[in-house]
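Below are two complexes that have chain A in common, paired first with chain B and then with chain C.
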Partner chain A sequence: MFFIKAYPIFAREGFAMFLQTEWDPGAQKYGVLQALVGTMLTSVVAIALAMPMAIGVAVTINEVLPSRLRTIFGSLVDLTATMPTVLFGLWGFYVLGPFLQNAVNTLAGGAVMTSPSTLFTASVLLAIMVTPYAAAVIREGYALVPKAVEEAIYGVGATRLEAVLLKLRYVISYVLGGFFLALGRAMGETVAVAMVVGGNYAHLTTNLFQSGITISSLIALQFGNARFYTYAEPALFAAALLLAIFGIAINTAAIYLIQKWQP
Partner chain B sequence: MTKLEAKNLQVSFGNVAVITGLNLSIPEGSITALMGPSGSGKSTLLRVFNRLIELYPEAHVGGYVYLDGQDIFEIDVIELRRRVQMIFQIPNPIPNLSIFENVALGLKLNRLAKNRKELYQRVKTALEKAQLWDEVKDRLNAPAGKLSGGQQQRLCVARSLAFEPEVLLADEPTANLDPENTAKIEALLLDLKKEMTIVLVTHFPQQAARISDYVAFLYKGQIVERGPTKDIFTKPRHELTEKYVTGRLY
Partner chain C sequence: MTSTRKVLNWIGMGLFVLLGVAATIPLFLIIIDIYSKGIDAINRLGGLWHFLTSEPPSPLSKSGGVGPPLIGTLYMTALGAIGGFALGFPLGVYIGEMRREKLANAARVGVNVLVEFPTITIGLFVYAVMGLVQDDLNRYILGPVSATLKAALGNSVFYNYVSWFVGPLDSFNAYAGAAALALVMIPYVALITASAYASVAQPLREAAYGIGGREFNALFIVMRKVVSRAVLTAALIGTAKIAGETAPLLFTAFGNNYYAPFTGSTGAVSLWIYAASETPYNVQIMSAYGAAAVLLTIILILFISARIKAIHD
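Entry: the complex of A and B
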């Protein structure tokens, strides 16, 4: 379906649209490379921030909290994953964005981040949004470490920290599962990102502190007026196709790796 | 010489008292068998000796245990676990680590080997002592989970021996093994008592009779009777002991 709908743009331009960086339907420019780069950048940065948080949350719940509080706190974390993403978007736009702009500029000692809505804002917001997903998977795996393995680990004179690391290694397939689930969510997330990413359609940037665009937010933001231009709709479908292919590739890799590293 | 001594030891899990004022001394360089019906507190007692009991948040321990006269709760727990090693009823190598890593892990964590050569040598010696070297020397990097049950148990023995421990706690180490592997483990324990003190929990009176020097009979969290193995089997002083060794109490 995506391919058929996208066909007119492929017929006109081949796959060149994936290498062009300007989206301006009025000028018949349908490049999406800037959005592709935006998706990559925000997802990678988001995951890099989210994984340590997710592991921290999962380990804290299992190691620090007494068993009575474990379920309550765990469910609380799970709940944040079910909040409507538009709420995150609003919070990101009005609170997180200005806060980050202020913090970054203060730390850098200059106006590095000229707008509160940037790729960086989107990345941090995504990190916060996907952490509960990764944390839920890792938490579940961590709780499955058999008592016998735990006794083996402490029996050889491991400290608490060493034991935590060894247990995480034992459930590495769950850590990977959480990683890929979070990555998939981060790449696909639309509404919240569209609200804080800045909506810069026509300029390729790898600078996190500038406004940008991602594939999903491009589609969401441009879908409304795409029907006014002959090739805009096909181009959006082509972008969607790309996102779908990425999603499938990541899931395939995830399934392969998780099976390979089963305990 | 007394190696390990428990004085008025009490352990409870939540509201359930498992060990209720237990007194026991374990002589050095011998095998002491702990026998008793299920739920009499044998495994719990072992887990107090190396403080693995602390992994059970609901467990509460009172009383005293001395290792060479020193209160074990005042010894650094990591040092204690190095000196007092344990093998378990179900062999528990860390299955995702390699055979080599399983034995080397404790040495690495505790920085007990100066370099890779010494580490390799100590792993090799431990595996040799555990009678496993010849079977695994060509696949040291294979995951430990791939070994047979008997091999896994000997791997666990090797993991303990790598520390050159003073005490070896063995919690029904042959309960899940076939007769051939059972014989291997028993021969190993007999050999090892020259170098260390062994506390063996067993459900098999015959096993205690075969390899132990002393037997302590536990019932409901207390020592009912303790003495040289021969005496316990030929002239038990307590009715419960007699019932147990003749198979009338489980």
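Entry: the complex of A and C
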């Protein structure tokens, strides 16, 4: 379906559109490389921030908290996953963005981050949003560590921390599965990112502290006026096709990793 | 145990807890931020009832609300949830209970991929399908149906409701939005239903089939007790998820600031927040925060009732 809709732009530009960096429908330029780069950058940074937090959540819930608090803490994490993304976007735009701008500029001692809405803001927001998804997968795996293995670990005199690290290694494919699921989420997230990424779809930037664009936010921000240009809508469908292929590839990898481990 | 290992243990575990807590702090910050600014905004824009019923403020007006978007959200979420559950639940039973069938495996992989799929592509997909079928749908089905209905209803009060609810459809309409929401919900409900059925103890399953009834009775009467809690929770949380979705609605419902037929572009609270928060007008930004408070309340009610149900049983 996406391919059919995207066909006109492929017929005109070939796959070169994925290698061009200028999006300017008025001048008939439909490059999406800058969005592709933005998607990669934001999701990689987001994952780098989210994975430690996700592991922290899983360990805190399964190892540290007493069972009553465990339910409450678990509910809070689930609620974070259920929260509408547009509310994250609203908060990110008015609170997190200015806060990060202040923090970064103070730390760097200069105006490094020139706007509150940048790729970096989007990454931090994404990290907060995808953490529960990764945490849920890791917890699921964590619960599957056999009692005998756990007893063996403590039996040789391991401390709590050593036991945790060993168990995490035991369920490493779940940790990786959570990693890929969260990556897929981060790549596909639209509205919250569109609100804080800055909407700079015209030029390529690899500077995290500048306004940028991602594939999904390009679609969200540009679809409204796409119908005024012959090739803009096909180009956006081509971008969506790319996003869908990424989504399928990453999620399949995650599912493969998780299911491989199951008996 | 040497003291270095003890210290390392403390530092390590402390770090894990710190990271875990850090992941939940933003949740509190967001809730506090939205309620403190949102309630203030609602009061300044004309009080709760006015806010819930009136049309969104124009840049120059002093008061306004989220009436039309709220109706749109409720309508599309209800339809989407019904559709999502009606298709997701049987699919889940199929995947979970008839695991050995070839197709069930394919369905499981498909559902697993779909549940994590970028929701904006789901919206685009529905938009593309809508573009294909709209003409034919209107010409061959909805046109005649609405004409018949209008003729049958004559000049009763329901006459106008035909074009409000039935058709013909515009390219952006509430039903496309509901369909996109249902597509978001189906895999979620299916997955949880499947895992609930898969977790039914084998002896119970054998007993259920063993008493010789039809498979239907075994699935929906005997095992109902075991899975009902998980399935209900899935339905409620799934509804909460789609109530706040924005991306699938961007190109399907499109958004609308006025009380308008569901057959044309329809507003949603999430769409209004998205649109209003980036305007330069203070009154619209305020209304975005008020709308956020309303949306958050809906989500929290659904979420908490799901949790209470889960703890109660």
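Here is the rule we go by: the second predicted complex is superposed on the first by the 254 of 263 C-alpha atoms of A that agree within 3 Å, B and C clash if a C-alpha of one lies under 4 Å from a C-alpha of the other, contacts with A are read in each partner's own complex, and residues count from 1 in each chain.
One rule holds in what follows: a residue touches a chain if its C-beta (ideal position, glycine included) is under 8 Å from a C-beta of that chain, and two chains touch if they have at least 3 such contacts.
This is a predicted model, so every value here is computed, not measured.
**Q** Is A:T230 touching the first partner chain B, the second partner chain C, both, or neither of them?
**A** neither
**Q** After lining up the shared chain so the two structures overlap, which partner does A:I219 touch, if you call chain B first and chain C second: first, second, both or neither?
**A** A:I219 sits against chain C, while chain B stays out of touch.
**Q** With both structures superposed, pick whichever of chain B and chain C touches the larger number of chain A residues.
**A** Of chain B and chain C, the partner in contact with more residues of chain A is C.
**Q** Is A:A135 touching anything from chain B or chain C once the two structures are fitted on A? First, second, both or neither.
**A** It touches chain C, and chain B stays clear.
**Q** Looking at A:F88 after the superposition, I want to know if it touches chain B, chain C, both of them or none. Which is it: first, second, both, neither?
**A** second
**Q** Touch check for A:T159: first (chain B), second (chain C), both, or neither?
**A** The answer is both, since A:T159 touches chain B and chain C.
**Q** Who does A:P66 touch here: chain B (first), chain C (second), both, or neither?
**A** A:P66 contacts chain B only, not chain C.
**Q** Between chain B and chain C, whom does A:Y170 touch in the aligned arrangement: first, second, both, or neither?
**A** Only chain B; A:Y170 stays clear of chain C.
**Q** Thinking of the overlay built on chain A, is A:M53 touched by chain B (first), by chain C (second), by both, or by neither?
**A** In the superposition, A:M53 contacts chain C only.
**Q** Where on chain A do the contacts from chain B and from chain C line up?
**A** Residues 157, 159, 162, which sit in both footprints.
**Q** Quick one: which bits of chain A touch chain C in the complex? Just the residue numbers, please.
**A** 1-2, 5, 52-61, 63-64, 71, 73, 75-80, 82-91, 93-95, 128, 131-133, 135, 157, 159-162, 164-165, 181, 184-185, 187-191, 194-195, 216, 219-220, 223, 236-237, 240, 243-244, 247-248, 251-252, 254-255
**Q** Which stretch or stretches of chain A touch chain B in the complex?
**A** Contacts found on chain A: 66-67, 146-159, 162, 166, 169-170, 172, 261, 263.
**Q** Hey, which residues of chain C end up touching chain A in the complex?
**A** 1, 5-6, 8-9, 12-13, 15-24, 26-27, 29-30, 33-34, 109, 112-113, 116-121, 124-125, 128-129, 237, 240-241, 243-247, 250-251, 270, 273-274, 277-278, 288-289, 292, 295-296, 299, 303, 307, 311
**Q** Per the contact definition, I'd like the list of chain B residues that touch chain A in the complex.
**A** Going by the criterion above, the answer is residues 50, 52, 55, 57, 78-79, 81-82, 85-86, 88, 90, 92-96, 105-106, 109-110, 156, 159-160, 163.
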